Each structure stands twice: as structure tokens, then as C-alpha cells.
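These notes open a run of structures that come right after.
Below, subunit A partners subunit B and then partners subunit C, in two separate complexes.
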Partner chain A sequence: MNASSLAKAVIDGILTGGVYALMAAGLTLIFGVMDIINIAQGALIVLGAYMSYVLSVHLGIDLFLGLIITIPAFFVLGVFIEWAFMRRLRDQERTAMSILVTYAVAIIIEGILSVIFGADFVQLQASYINSSFHLLGFYLPYIYVFGFLLALVLLGVLYYILYRTHFGRGVRGSLQNRSAAELIGVNVNRVRALSVGIGVSVTAAGGMVFGATNSFNPSSGYDLISRLLSIVILGGLGSIGGALVAAVFMVTLEDVVAVVWSPVWATLVYYASLIVVLSFMPNGLFGRAAVRAQ
Partner chain B sequence: MTARLPFRALLVGVAIVILGVFPLVFSNPTTTSIAVFTLIFMVAASSWNMFSGYSGYIALGHAVYFGVGAYALTLLANHLGFAAGWGVFALVPVAGIIAGLVAIPTGVIALRARRHTFVVITIAFMFIFQLAASNFAFTGGSSGLQPPTPLWSAASYNDHFYYVAAVILVATVLLSWLVRRSRFGLQLFAIRDDEERARGLGVRVGRVKLSAFVLSAIPIGMVGGVYAYFLGQIFPQFAFDPLFDLSIALMAFIGGLGTVWGPLLGALVLESLQQYFTVQSGASQVYLIIYGGLFLAVILLLPRGLIPSVEDLIRRWRTRGGAQDRATEEGGGDRTADVVKAAGAR
Partner chain C sequence: MTRSRRQALVVMAVAAIAAFVAACGGSSSSSSSASSSSGSAGSSSSSSSNKSPITIGTSLSLSGDFASDGQNFQKGYTLWAADQNKAGGLMGHPVKLDIVSDASSPAQVVTNYQKLISSDHDQLVFGPFSTLLTVPASKVVNRFGYAFVEGAGGAPAAFGNGLKNIFDVSLPVVDNLVPYAKWIASLPASERPKTAAYATSDDPFTQPQIPLAQKIMQAAGIKTVYNKVFPAEVTDYTPIATAVASSKAEAVVLGSVDVPTVSAFVHAFIQQHYNPKSFIATAGPDQGAPFVKAVGGNANAEAIMYPNGWYPGYANAQSQNMVNEYVAKYGGTAADVGADVAEAYSVGQAVAQAVAATHSLDNSKIIAYLHSGVTLNTVQGPVKFNSLGENGAAAAFVFQWQKGNQVQVLPVGASGSKAATYPKPNWGS
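Let's turn to the complex of A and B:
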């Protein structure tokens, strides 16, 4: 081990962490607003990757340009999922039931993708995916840098919507206290549907970057969901900034452990550190209290 | 109630007889193999329900105890030089006890948290054990381990595992039924309904939750051992499988969370269907869509699960014209009174 490979691990960790934050942003938003654990997030990411795949292979549309199509499509899908499934869950036992309902949605998405695409692994292709540039003695892959920048832009937009608009105030209000929000005239059902729509549409972008940086097949979502859940819980439910910090922290930790100790134990340390942090901070790094203070 | 008790006893008797004669009637090895897997999942769902269904804490990491049981049986059988045969089954209770011992520290840590955080910590434990099993040398790494293979004739090979799993099933259901009827069970339901209130009424919340958690890990460890012995090999990904957790939760939900019979019905239907479709290879992708759709329909149309919904229907049919049962239907008030009794009785 030397200082250079350690620095490289930190840089990789930060860039990959940004991508994970993008994938986790929708999850934390839905989590915070709806009190729902969306197990389908992994399947939605894979669906997003396949949509970008179809657009780029069959229609020749650039991956980043294709987001102009996939993001609105995913918004509609999100509103539909909220209306069709999530809204019907009773308030009591909502969390428990949501795990099962969204797992069912994940199974259906996986089944449909399997019928269409089969079980073979594919990866998105573009000129910037396999090339990298030289900066301060490090080789940085373009796709990770682009993905990281995209993550920052979209998380920034999300943050702006949540904390600087009237709609965002409604979202945060219904997150903190549903009945109080209703009393002061927030249409909670509409806010929830739009929040899930926004959360799912961000996931379309996360799926594209995931597909560009990993090879995937219809069942790839299950490996992702546990990581994303741990990021979201560590960051604090509903906190976009928390998700970013937690994602960067966790992925960097994993990369550094892989360099200084051994790659085979890195993921184990990832989950073990999650348990340690949550044992002392059960609300995560930026839990409800921090959200309320802002 | 008085009229229903003998009817229920009769139903249980019929179920046990069917359980006993099933391999004699359907002796085709493909069928008995499906039956063994189904029994294993019936135990797992019922046992999971004993903690998660009764206490309301949804644990998605019970695959840890399934895998620990599987590895414990395999390692003990190989290192203690057990000859392949009936003798290995003597290790099944040991596998259960080891799983229970592992559940103590993991339960203590996980149960410090609530709700979402609890769910995620149990998932994290599952991955820690899976990764540890694929990296340690004594677990054989990612290539796994092989328990001894018995030299039973192919025609009756599955029957041995069937009857062992059936005995574990009967014991687990009995345990679940006893817990549900006991003061301990009432305390768990009190925690599910309102943990702070239960604590205020004198329930020792931490101790009760941990006891149920450990208790529910033991039968799962036992069937984990049976599973390893039945398959003849064990890999980290199969022993510690995240889908195992979702499957048993799903089975319990579809049948009726927190009921004694619901998880059994859910596991019976779902696992036998899934095994059947797996055997009929090729249909597995379409099966996923059907499975997911069916599952959504049940959750959205019968949110309390099959057994409670059907019971409601029967009760409504019996009390047609009279509303005397309306008040006790939800049982919220009664339950609180029972908790007071339970707390005062110590």
C-alpha cells in the first residue's frame, strides 16, 4: 500500500459515492414522505438502465440525451405506482406492508424484463464509457466524473424543490405531520403522488449511470437494494444531503478497506460499520431532528 | 367458541394424518422433493411469524439462522466423522441451538433499534454472515461445503427428510400455538400494538422481544440443517439468501400475519407453487409475473391475509342479522385489559 493508491481509493470512493447517492435519492424521498420502504428501487434502477439501453442501441440516442425521455416516463410510472399500490396501504402497518407491496412490484418488473431481454448481462456503450483522462497524476474515467456531476446537479435540483419552493414546503410538511399539513390546506395525496413521481424520475438517471458503470441483467436490482437501503438509513430518512454524505462515506470506506486490508473483507466492513453507527445513532447521521431544524 | 373447538381439533387431526400419509400416497420422488422444500418453508414462515408476526418487528435477516444451522450441521457432521445416514439427523437439534446462540448477540444489537432501522440492521447482519461464509477458510469459501451423502435408495430417499421436517413442523406449530395462548404471547401482542404503553403497563419489553427473537431462530436453524443435508451441498448464496427472508415474510403475510395457521397456509401455497414452476423449467419468467401479480392482488384485496379475512367472512355469515360480534372484532380494548392482567400476574 502507498499514499497514491490510497488517494486513488478515496477519489474513486467519492465519485462512486455520488452515483450511489443519485440511485438512493429517490428511495430516501419516498421513504421520508410516504414512510414506505421501496424494495422496488433496485428493480426501477435496472428498468432505467434497460430503457437507456433500448434508446441507445435501437434509436441511437445518446445516454445523457435519452434522459430527456426516460425521466418524464419514470415520473408517470412513479405517479402510477403511488396511485395504484402505495395509496391503498393503511396507515397502520404501512411500513411492513410497503416492503411486501413494493417487493411484488419488483418481482413484476423483473419478470417483464426477463421475458423481453432474457438473463444475459449487458452494459451500456458510449464513447466516454471506456475512456479516461489524466488529472494530477490520476486516471479518472469520464463516465464516473459525468455521473458524479449529474448526481450533483440532480440532487441540487431536488434540494431546491424541497427547500425553496411552495411545493417542497408541502412535501416537508406532510413528511413531519400528515394531519397538521392537511389542516393548513396541503393536498397530501397530491403531494405524495408528485413526490413518488419525482423520486422515481430521479431513479431513471441513477439507472442510466448504473448501467453505464456496471453490467446488469433483470435480477441485478436485488444486490443494489440492500446497499441503497443502508445508505438511506445511515443518512437519515428523507434527507437528500444525508444520502449524499452517507453514500460517499460508505463507498469510500469500502474502497479504502479494499486497498489497506483486502478487497474480500471490504463489503463486510461496510455493513459492520453501518451497524455500529446505527447502534449509536438510530436516526442516522441526519435524522428527523436535522430535517426539522432546516 | 364452544362449537368451534372440536371442529378445529378435527381439522388439526386431519392435517396431521395427511402429513403422515402423504409420501405413502404420492411416492414420486419429484413430488416428495417438492414436499420436503415446502415443509422446510412452512417451518421457517411459522417460526419467523412467532417473532415478527406477534411482535410487529419485521425482521428481514432470519436467513442468518437458516444459514448458521446449515453450516453448523455440515461442519459438525464432517469434523466429528458422522457416518451418512440417520445419525446425522441427531445434529439437527444442535444446529437449532447454535442458531439460537447466534441469535442472542445479533438480537441484542438489532433490537436496540426500531422500525426501519431495525429492518435495515437485520438485512445488514444477513449480508455480513453471507460475506463471512464466502471468505472464511473453514466454511469452504464461495465453493461451499458438502455434508455426507447417505446411500438410501432413490425411491425412498426423500422420505427420510420428509418425516424429519414433518416432526420439526409439528413441534414448531405447537410452540407457536402455545406462545400465542400464553402470557408471553400477550406481552408480544402488546408490544406490537403500542410498545410504550406495554412498557408503562409493566411488560419487560427488551427481555420479551429478545426471547421471542431467539426462540424464532431455533426452528429455522434446525430446518437449515435439514436443508443442507437434503441438498448435499451448501453455498453462501443459498444458505444466506436475501430472497429467503422476503419469501418467508411474504408467506406469513399472505396467510395472515400474527396467526398460527396463516404462515403455514401461505408457505404451503407459495412454496409448492414455486417448486412446481421451477421443476417445469422455462415457465419461470412468466411465473415471476404471475407470482407478483397474485401477491399484489392478495395484499390489496385482503390486506390482513387469507386466514383472518376468511374468518371474518365466516363470522359475518354466522352472525347474519345480529351484531353481537362487532364489538370484539378488532379486540383492541380486550387486549389491553389482558395486558393489564398479564402484567399484574407476576
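Let's turn to the complex of A and C:
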């Protein structure tokens, strides 16, 4: 191991962390707005990957261009999921029951994808997926760079919507006190539906980048969910910026350990870092109280 | 009807339909196998179709990490059952498969075999996919005294438990890479790789294969420049693949268990402009067309090697017949037939020959027969079990992707072996 390998691991970690942040953004947003732990996030990511696959293979639409179709489609899907599965959860048991309900959603999505696509692994293909450019002695894959930039843009848009718009104020108001928000005219059900729609629509982009950087089949989502949950917990539940910081931190740490020490220990360190940080910062890097007050 | 009541009903209806669809995708095998069995029973001899069916239970990974392999196993078992029924079934009784899904879980596979034997009262059982699942399954099946013939549990871990009921019809995996390592070592010094990288999953199937190959190659003067084990649960292979690329090893030996692992390394190597002279992966390339699709086409698959005991072009009449039947039933081409299909089909053949020889479904007699040193014929070639239950007659071959086809290249001089492409051409060329 030399300094060059270490630097490369850091670069890989930052770029891959951006991709994970994109995948985790919807998860943290939905929890922040509704106190719902969306176990279906992994399945939704895989669904997003398959939608990009269909558009790319059968209609010849570029992966990034295809987001113009998949993001709105996922927004509608998110609104439907909120209406069909989340809205009727009672406030007292919302978080606990949401695990069961969204797990059912994950199984449904996996089952439908299995019927349509079978179990064979596929991967999204485009000219820029295997291409890279040379910078400061390192080859940087275009797809990871594009994925990272996409994450910055979409997370920035999310942040703007939540903290700089009237709708965002409604979202945060309904978070802090549902009754008070309703008294001042906020349609809480509508806000929640739109919030889940937005969270799921971002997942379409995460799914595309996931599918472009990994082989996947309908069952691939389960491998992701524990990592994504760790990211949003470390970042602070509900924090968009926290998800980005946590994803970059955890994935970079994991990559560095894999290169410097051993890949066997990398996974352990990934989760150990979560425990260590929570020991000192129980609310995560950007704790919930701070998130809701922003 | 109130609005909320209507909404609840709609939700329940959607959930019911979706659950049905999920069931079709996840564990529909019972119904599909039943229909295939009944279909084949219809084409069997009239004497067998009038008799009660013999039910054979198996647990397969129809979802989860091994879903692709598990579904190929399902196809292999189904093809065998159809052929067996056409030939009159077992002792004149039609064969019926009782397949349940284990979701690739070592815990679920134990529950499944308990159910198949003690609750479903299946007369015989076939093995699951992978050593990881075969090991726990073999223990529970042994408790019931059943013969446990399997096709994908060839790692040492499956044979180190003192069980007398386990039989693997495929190649013992520990020697898988030996032909490759010996071939690399035999190359002229000027052509031989000077350095090698070894990266392997900690899976019991693949990890035992690496040390022996490394030992042979090191003895030939090939320096190890990277040697790491990675956990089977890895979801991001980038740092490992990049580290291998940074080592600039001229030969790469990858201990992989599936397509995504190999695909991730291939993509990372291309992105890093790293092209080793030789690249072999223990599993993944044997999956046929799905592998080629995942790595981005034939040009990227070119010259990638893998060890195995079977490939679609295997010059064996039974094998060719099975391949033709597969294509007729499931579509595609011969290249789409994964080795899993042949491994599963061979399990059925071995059990059928044991039942025919003993004229019995008594598992203790079947176990004794399989341990008797008899040589059985399967689509993978001859099968002869040693005292541990390993197939001592299996030959290790190495195959290579050449212009979109899987070609047997090692051992050099073996029947059917063609010249290996070496060094590996640049990616995409």
C-alpha cells in the first residue's frame, strides 16, 4: 500500500459516497416527514434501475435523459404508496408498523420484477460507464463522477424545496406539530403525499446510478437497505445534508480500510463507525432537533 | 359504503393481487413443477401414469443472492423429471417435484428440508444450490436417514462433517483451479506472467480453491502482489478491484461466486485501463448469456476463463440432448445454458440409477449403493463417489470465452480442448 493507493481509495469513497447519498436521500426525507422507516427503499432503487434498463434497452433512451421520464413516474408511485399504504397508519404506531408495511411493499415490488425480468443479473450499459478520464495521476470513471454531480444537484434541489419554499415550510410545520399546521391551513395529508412522492422520485435517480455501477436482479435491494439505514441514522434522521456527509464519510472510511487493512474488516468498520459516532452524538451528525429547526 | 371503507378495500385488493404476483415470482415453483410434472406424466407410459407419483423434495434459492443459480437448478431438475417421466418414471411411478424456496438463506434451507421430509413425507430429496446451503441442509437430512445427492456443494466444508449420506455429482471444487495454475506455470518464461493477484470471497465454495493455485504459481516464480479475502456481503467492489488494478498484476485469480462480483471487477478494470494477461474467475462466467450481458458484451468477456466440469458444448450425447431440450423449452441458444442446469440434471440421473439398481426407494439402500464404488453416467460425465461422497471421477476443465462462445481450453491436450487465447486482448477489442 502506498500513498497513491490511499488517495485513490479516498477519491473512490467520495464518489461512491455521493451515489449512496442519492440512494439514501429518499429514505431520510420520508422518515423526516412522516416518521416512517421505508424498508422498501432498496426495492425502489432496484425498480428505478429496471425502469432505466427498459428505457435504455427497449427505447434506446440515454440513462440520464431517461430520468426525465422515471423521476415523474416515481413521484406518482410515491404518492400512490403514501395513499395506499402509509396514510392509514395511526400516529401512535406509525414508525413500528411502517417497517412491516414497507417490507410488504418491498416484497410486492420484488415479486413483480421477478415475474417480468426473471432472476438473471443485468447491468445498465452506456458508452460512459466503462470510460474514465485521467486527472492528477488517477483514472476517474465518468459514471461515478456524473453520479456524484447528479447527487449534488438533486440533493441541492431537495434542500431548496424543504428550506426555501412555502411548501417546505408546510412540510416542516407539519413535522413539528400536525395540529398547529392544520390550524393555520396546511393540508397535512397533501404535504405528506407530496413529500413521499418527492422522496421516491429522487430514488429513481439513485436507482439509475446504482444500476449503472452494479449488476442487479430483483433481489438486489436487500443488500442495500442496512447500509442506507446506517447512512441516514448517522447523518441524522430527516437531514438531506446529513445523508450526503454520512454517506461520503462511511463509504470513504470503508474504502480506505479495504485498501490499507483488509476488505474483511472494511464492512465491520463501516458499521462500527456508526456505533462510535452515535455514542457521542446520539442524534447523528445532524440531529433531528437541529434538522427540524433549520 | 364509507369512503375510508372503500379505500381500505382497494388497498386490500391491491395487496392481495400483489401478494399473488409476488408468490408467483418468489415461490411459485411448487405449482410450476407440479404442472411440469403432470405435463410430463401425461406423456409418460400409461402404466406409470396410473400409479401414484413419487415425490422428490428440494429447496432452491428462487430469490435472494443465489436466485439466478437457483432458478437454473429448478430448470435442470424440471428437465430431468420430464425426461424421467417420458422414460417411465421411477420404478414405473411418475416423478413429481416438490420445490420450495429458501430465499438463499442457510436458516430457511434447514426448515425447508424438515418440512419436505417430516411434513410433506417426500420419498426422496435433492440438494439445494451452493455449499453455503448444502452444509446445514445435509445435517438435517442426515438426521432423517435420507440420501442427499446434490450438484452444487462440492467444497471441503460439505464433506468434513462425517456424514455418510451426502453425495456431490459435480467436480470437487478444491482442485478447480489446478489445471489453470499448472498451465500458467508451464508457459515459457518469456510469456509467463511475472506477477499475480488473488482476491476471493470468503464463501466456502470459492475460498478453498485459491491457496492451491497460488502455491503452484508461486512455485513457478510468479510473485504474489495482491492477496486479499473479501466478505461475501460486499456491495461495493470498487476499492478491491481498484487495488488489484493498482498492483498491476499480470494474472488475476478471482474467487467469485456470482455474476455481479466478476462484472464489478471487469468494469473497474476497464475504467482503470488495466488489462491483465490472464483473468480467471471461479464462478460467474459459467452463467452464459447473463454474464456476457452484465460485463457489457462479448468483447469484454473475451478470453476470461473459468473452471468447471461442464459446458454447453460438452461432447456427450446425454448432455447435447439436455441442451437441445433446454433450448426447446426455455428458448435462447446453447450458450444460455448455465452449468447449474447440468449439475441439477445430473443429480436426478444419479438418483434414478440408484433407484433402478436397488429397485427401492429405501434411502439406506440408495446410500449403500452410491457408496459401493459404482460408476454412474450423467450429463456431466462419469460419477463415482469416494468414501466422503465426492465425485472422484470428475475431471477439472477450464473454459474460456472466445468470440461469444464458451470453449474448453484446459487441460491442454485433453479431448475437446482448443487453444487458449493468451495473452488476453485489450478490453473491448
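In this section, the second predicted complex is superposed on the first by the 292 of 294 C-alpha atoms of A that agree within 3 Å, B and C clash if a C-alpha of one lies under 4 Å from a C-alpha of the other, contacts with A are read in each partner's own complex, and residues count from 1 in each chain.
Throughout what follows, a residue touches a chain if its C-beta (ideal position, glycine included) is under 8 Å from a C-beta of that chain, and two chains touch if they have at least 3 such contacts.
What you see is a predicted model; the values in this text were computed from it and never measured.
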- [ ] Once the two structures are overlaid on subunit A, check if subunit B and subunit C clash or fit side by side.
- [x] clash
TODO: Pick one for A:123: touches subunit B only (first), subunit C only (second), both, or neither.
DONE: second
- [ ] Pick one for A:8: touches subunit B only (first), subunit C only (second), both, or neither.
- [x] second
Open item on the list: On the A-aligned overlay, A:222 touches which partner chain: subunit B = first, subunit C = second, or both, or neither?
Closed with: both
Open item on the list: If you tally the residues of subunit A touched by each partner, is the higher count for subunit B or for subunit C?
Closed with: C
Open item on the list: For A:237, using the defined touch cut-off, is the partner it touches subunit B, subunit C, both, or neither? Pick first, second, both or neither.
Closed with: first
Open item on the list: After the superposition on A, what does A:16 contact: first (subunit B), second (subunit C), both or neither?
Closed with: second
- [ ] Please work out whether A:88 is in contact with subunit B alone, subunit C alone, both, or neither, and reply first, second, both or neither.
- [x] both
TODO: Using the touch definition from the top, say if A:176 reaches subunit B (first), subunit C (second), both or neither.
DONE: neither
Open item on the list: For the superposed three-chain arrangement, which subunit C stretch in 55-63, 73-81, 109-117 or 289-297 runs into subunit B?
Closed with: 109-117
Task: Where subunit A meets both subunit C and subunit B, residue numbers - done: 85, 88, 104, 107-108, 110-112, 114-115, 222, 264, 267
Task: For the subunit A and subunit C complex, residues of the former touching the latter - done: 4-5, 8-9, 12-13, 16, 84-85, 88, 104, 107-108, 110-115, 118-123, 125, 129-132, 139, 141, 213-220, 222-224, 227, 251, 254-256, 258-259, 262-264, 266-267
Task: Contacting residues of subunit B [partner subunit A, same complex] - done: 56, 58, 60, 109, 112-117, 119-121, 123-125, 127-128, 131-132, 134-135, 242-243, 246, 249-250, 253, 257, 285-289, 291-293, 295-296, 299-300, 303
- [ ] Write out the stretch or stretches of subunit A touching subunit B in their complex.
- [x] 31, 37, 39, 85, 88-90, 93, 95-97, 99-101, 103-108, 110-112, 114-115, 222, 226, 229-230, 233, 237, 264-265, 267-268, 271-272, 274-275, 278-279, 282-284
Task: subunit C to subunit A touching residues, read off their complex - done: 4, 7-8, 10-11, 14-15, 18-19, 21-26, 62-65, 67-68, 70-71, 104, 202, 228-231, 233-236, 238-240, 242-243, 246, 258-260, 263-264, 267, 270-273, 287, 289-290, 293-297, 300, 427-428
